[in-house]
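In structure tokens below, several structures.
Below, chain A partners chain B and then partners chain C, in two separate complexes.
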Partner chain A sequence: MSINTDMAVQVAAIIQVAEKVKRFRLVRVDGLPLPVFSGGAHIVVSMLDGDLLRRNPYSLMSSPTDQTAYEISVLQVEKSRGGSAFLHEKLNVGDKLTISQPLNLFPCDVRGRKHIFMAGGIGITPFMAMMDQMTRESSNFELHYAMRDRKHGAYWQELQQRYAAHRVKIYFDVEKLFIPTDAILANQPLGTHLYVCGPSGMIDGVLNKATALGWPKQNLHSERFLAPLPGDIFKAELKRSKKTITVGTHQSILEAVEAAGIDAPYLCRGGACGQCETSVLGCEGIIEHNDIFLEPEDKASGKTIMICVSRVKGQAITLDL
Partner chain B sequence: MNIKFKQETFRGDFTYRNSPENIRRFPFPFHEDKYMYSVNMEPHVPAGPKGFAFESLIDVDEHYISEMHDRALVLKEDPLRCQALPHMMAGQWDVLELIMEQQAAGYPEHFSLTKNGDQWHWINRPMGIDQKFTFGDASTLPYEPMEYITRQAQGDFCIVDQRDNNLWMDAGMVTTQADWSLDFDIGMNFMEWHGPVPLAHQMGVFDRALKFLLNLQQSKPVRRLNWTMTINPRLDTSPENYPKWGPDRMTVTPENIGDKVHLRCELQSLWRLPRSNAILFVIRCYLLKMEELVQVPKWARRFHRVLRDLPPELADYKGLTKFRPMTIDWLSKYDDGAPTSSGIFPE
Partner chain C sequence: MLVQGIKSRPVYTGLAIDLQARRHLFALEGEGIEALLDQVKAVGAQFLETSDILCVGKLPDVKAEYMWSAPTIPVLLNRLNVNLINAKMGTRLYLSGTEGFIGQAMKIALDQNIDFNSIRTEHRGSTARRVQCVHCKGITDDVKTSPFTCAHCGLNLLVRDHYSRRLAAFQGVCIDAEQPGTAPAPVVMFP
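Showing the complex of A and B:
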């Protein structure tokens, strides 16, 4: 059974908060309160760009208990897949979007005696919600925030004002100020948790250093801003429905099936629950298994696929649907 | 819908009975004529005929007042049935909000909730409670939030924390359990507390279930049904009280099966909690006497077949071995061999 809990929202405000960074304030069209969430959660924003449906995840940065609006901040990227460019260049106040329920893949470990956040650039956003939550819970935290320069950095003045300079340390690349990772990681009390969000290189660097210094894996947390995996266009023959559909570059098989008006079972849409597992009756090409549900031997068998996230590199696949 | 609440006991003289209407709303756990473990989860949305146990997502029925009274008795004897580790306070408030909202939405004639910012007003008419409090400030309630609200909600409640790709039993109110102990399991992870279950580990059931639950989403609760059998309508079949209920299994005779032997169904629902990112695991227990069960012919036929063909490991684990053959024999009178329709609902 498919259950849609997406919410229709309207853009209430767009604010340029720094060079190439805009904040979008989203309110519900039906006027109901938005769900409370936990710091670190993201939403998937669905935007209709002409005829094209784009779906991108963004961290929620507003206060987790503020049910009047959600706020996201978006960086304008050079080689946009389309989402960032659409939000920056085409979206106006009053426009409507669809958002998913909040989902947290980057939660705080609330047992931590102390929490250290390390942010690089737009990676600051999940920490804004986390710090709001931790302040309410009187948790001990500090933020180390690296930006390119004072113009491109977002929110650093507000954060220093709100949480005081001894808890919010800022660093600017062009001023040759860098996070002193070694010194920070080497001198922490037991029970400290570390959270990193930013460019992949930064995350790898920090995590490798922490591991080398003997930090337990359970105390290290990170979130990478990866674009959803696109792929080549291919055909999917739906045997039972007697239909052949085309799966687009930025479309999952499940989305293409739904676009064709066929009801397929799903729950998580994230490759985890197994609900959309579908038998493969034939395949001209290689299945790219992107799920975490199937065991390696199931994936190797080529007989089954999670249609919410996995796709085909090649010509076509035949499914028992 | 105005529920007529009954006064009855789950101990001593065991006056617990189901009214004819209540029998037909029982969440019968077998969708086919056989039973094996599976990750049998489905979206927790209203389903079934009108008035069925799936109609409201936190179900309240005619046994509400008596069950809450029994819970209070258990807690008085053993306060450790309700525990919460210190880091679970956000989860406690999540649970209080969830139960109050669901009960008020499902049974407006019995419960109401008014929110004005963090100033909340809760009215529970069946229990005669009228409570104003500040959401987020535990000092404004007579108990901590989870204990406060779960003294007013049928079923056991566990708040399961999520971290390190695992789930941790870090808080709960457990007084109507099928032979497991919160005091023993508290702080354990998902694989640890499921350790004793036979067969299912080898089938990969728990690996799959854990993967599924780690991805459970807000606003999309799921449910599954589990079952066992209990002698006498006793809610508190805990390991702590084994000496009180274990010997009951020796008292079953062919003459008293219809009254003494109960099918015990657990309606388990799982909810992602918004503030804490924890999961609420609700284990709501329903008891049905054999003589009540056979009033629904489809259930009588099916339960006879399920019990007859149950793998012996499962019968042992569920503690049915002593009285199973006698019960199969008793049920066989109600099984004419006719086919049964698929699904759990009465025909």
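Showing the complex of A and C:
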């Protein structure tokens, strides 16, 4: 980014909270208070893994008004591109990282009469900050939280204790307990907002049901962080920077651009915000659009690409960058 | 005389029945019932089976699941408020009539936490405006000219396109503050 507002932080604690889930507590190196954020916000964590710079977005899950530390929870994923593996296996207490300012692409609509949160697995994290905020604002909310099983599920005991079982409902796949989405969505007072965070399939399923039950899009909110998908190696010619770079199998165009020392705009790094949209000046191959930001017409036009998650199947692409 | 080009001026994009909605709630006034009849022509009458229609005055000549006629706008607004409190998600709200009516019904909906973008509106009938005097805060209904005389404090007010959803009114500002009595003659702008 052109204005650097990044903050240097240090890992103050690492806690294993469930099978494959660790919580990281980050404090500022300079000892200053961290900015207050709003529930649903995320930060981009920059980590130096050897000589490789990784930047991943993580939802903030600590209390939005706690300025002493930020907390994130990270799931160790099987086919990790490295971010989660690095945090789980290599990061130690006392290590330094760089984080961005908090940014909220998943805010609560405070005008809502009632708020329903639906979380799948690690998708619980933004809701933890939201529920903290809503409790302080005395807003009416309930959480429906689906997990694989009791061992892999994070925080459900604490959440039920803190907010009571009638507001925190839990479901475990292995016990054949599933969120009764239809029944929930069919019986909400007008003015209710729905928020979904979890695996893509779950988000699509819930949003489609809500739409079919007549929920207007203004009341539907979701967040998914898409990790850039791997693919074939290709070349990217950056017209304005007069450089041609190679995008590796496990690299996004944005990461390759940054590795070449060029500053490109981004916010979410997950194909959701639209900030990294770049004009395509030419393409030898097919653009694989992996984002959820562009409209189908834009994708079909081949004139624009979200460089944080999308790539090219073919030889090369020329970008206005 | 009118101050235009202000972003807050509402736009009414038409009733367009949302066939995915499970219930349809209509609040209609005056020629607003024509907008409903046009929808019946456009998409058929089936949606009326799951519709509640609240009207000021005469009811449209259709068969809906529920129809109710209110003698005046304030009575209708009261009823609308109760309907919205009891309504479930999946209910779509449709408003049609004069701007002043749409604005006041919209305000009731906003107070019930409904996102205004999800409300379908169609302007029918007179273009007369509901204007708030920014000086005494009194609201004058049915304003047809600009400038006009505030019904409360008597100042000569210029009507602006500056609209407040919270108040359901356009803003009127004194046009001859420097030299009282020099206001231009009123021109009919909102017949």
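To be clear about the criterion, the second predicted complex is superposed on the first by the 226 of 321 C-alpha atoms of A that agree within 3 Å, B and C clash if a C-alpha of one lies under 4 Å from a C-alpha of the other, contacts with A are read in each partner's own complex, and residues count from 1 in each chain.
The rule we apply is simple: a contact is a pair of C-beta atoms (placed from the backbone, for glycine too) under 8 Å apart; a residue touches a chain by one contact, two chains touch by 3 or more.
Bear in mind the structure is a predicted one, so any value in this text is a computation, not a measurement.
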Does chain B (first) or chain C (second) touch A:N187, or do both, or does neither? second
Touching partner for A:N92 - first (chain B), second (chain C), both, neither: neither
Would you sort A:P102 into first (chain B), second (chain C), both or neither based on which partner it touches? first
In the superposed arrangement, which partner chain does A:Q218 touch: chain B (first), chain C (second), both, or neither? both
The answer to whether chain B or chain C touches more of chain A is B
Which partner does A:T5 contact after superposing on A: first (chain B), second (chain C), both, neither? first
Scan A:S138 for contacts with chain B and chain C and give back first, second, both or neither. neither
Once the structures are superposed on A, label A:R113 by its partner contacts, choosing first (chain B), second (chain C), both or neither. second
On chain A, positions contacted by chain B and by chain C: 109, 111, 218
Any idea which chain C residues touch chain A in the complex? 18, 20-23, 84-85, 87-92, 110, 112-115, 117-118
Under the touch definition given earlier, write down the residues of chain B that touch chain A in their complex. 39, 42-43, 45, 87, 90, 162-164, 204, 208, 211-212, 214-220, 222, 274-277
Interfacial residue positions of chain A with respect to chain C in the complex: 109, 111-113, 185-192, 211-219
Can you list the chain A residues touching chain B in their complex? 1, 3, 5, 35-38, 40-41, 64-65, 101-104, 107, 109-111, 137, 218, 267-268, 270, 272-274, 292-293, 295
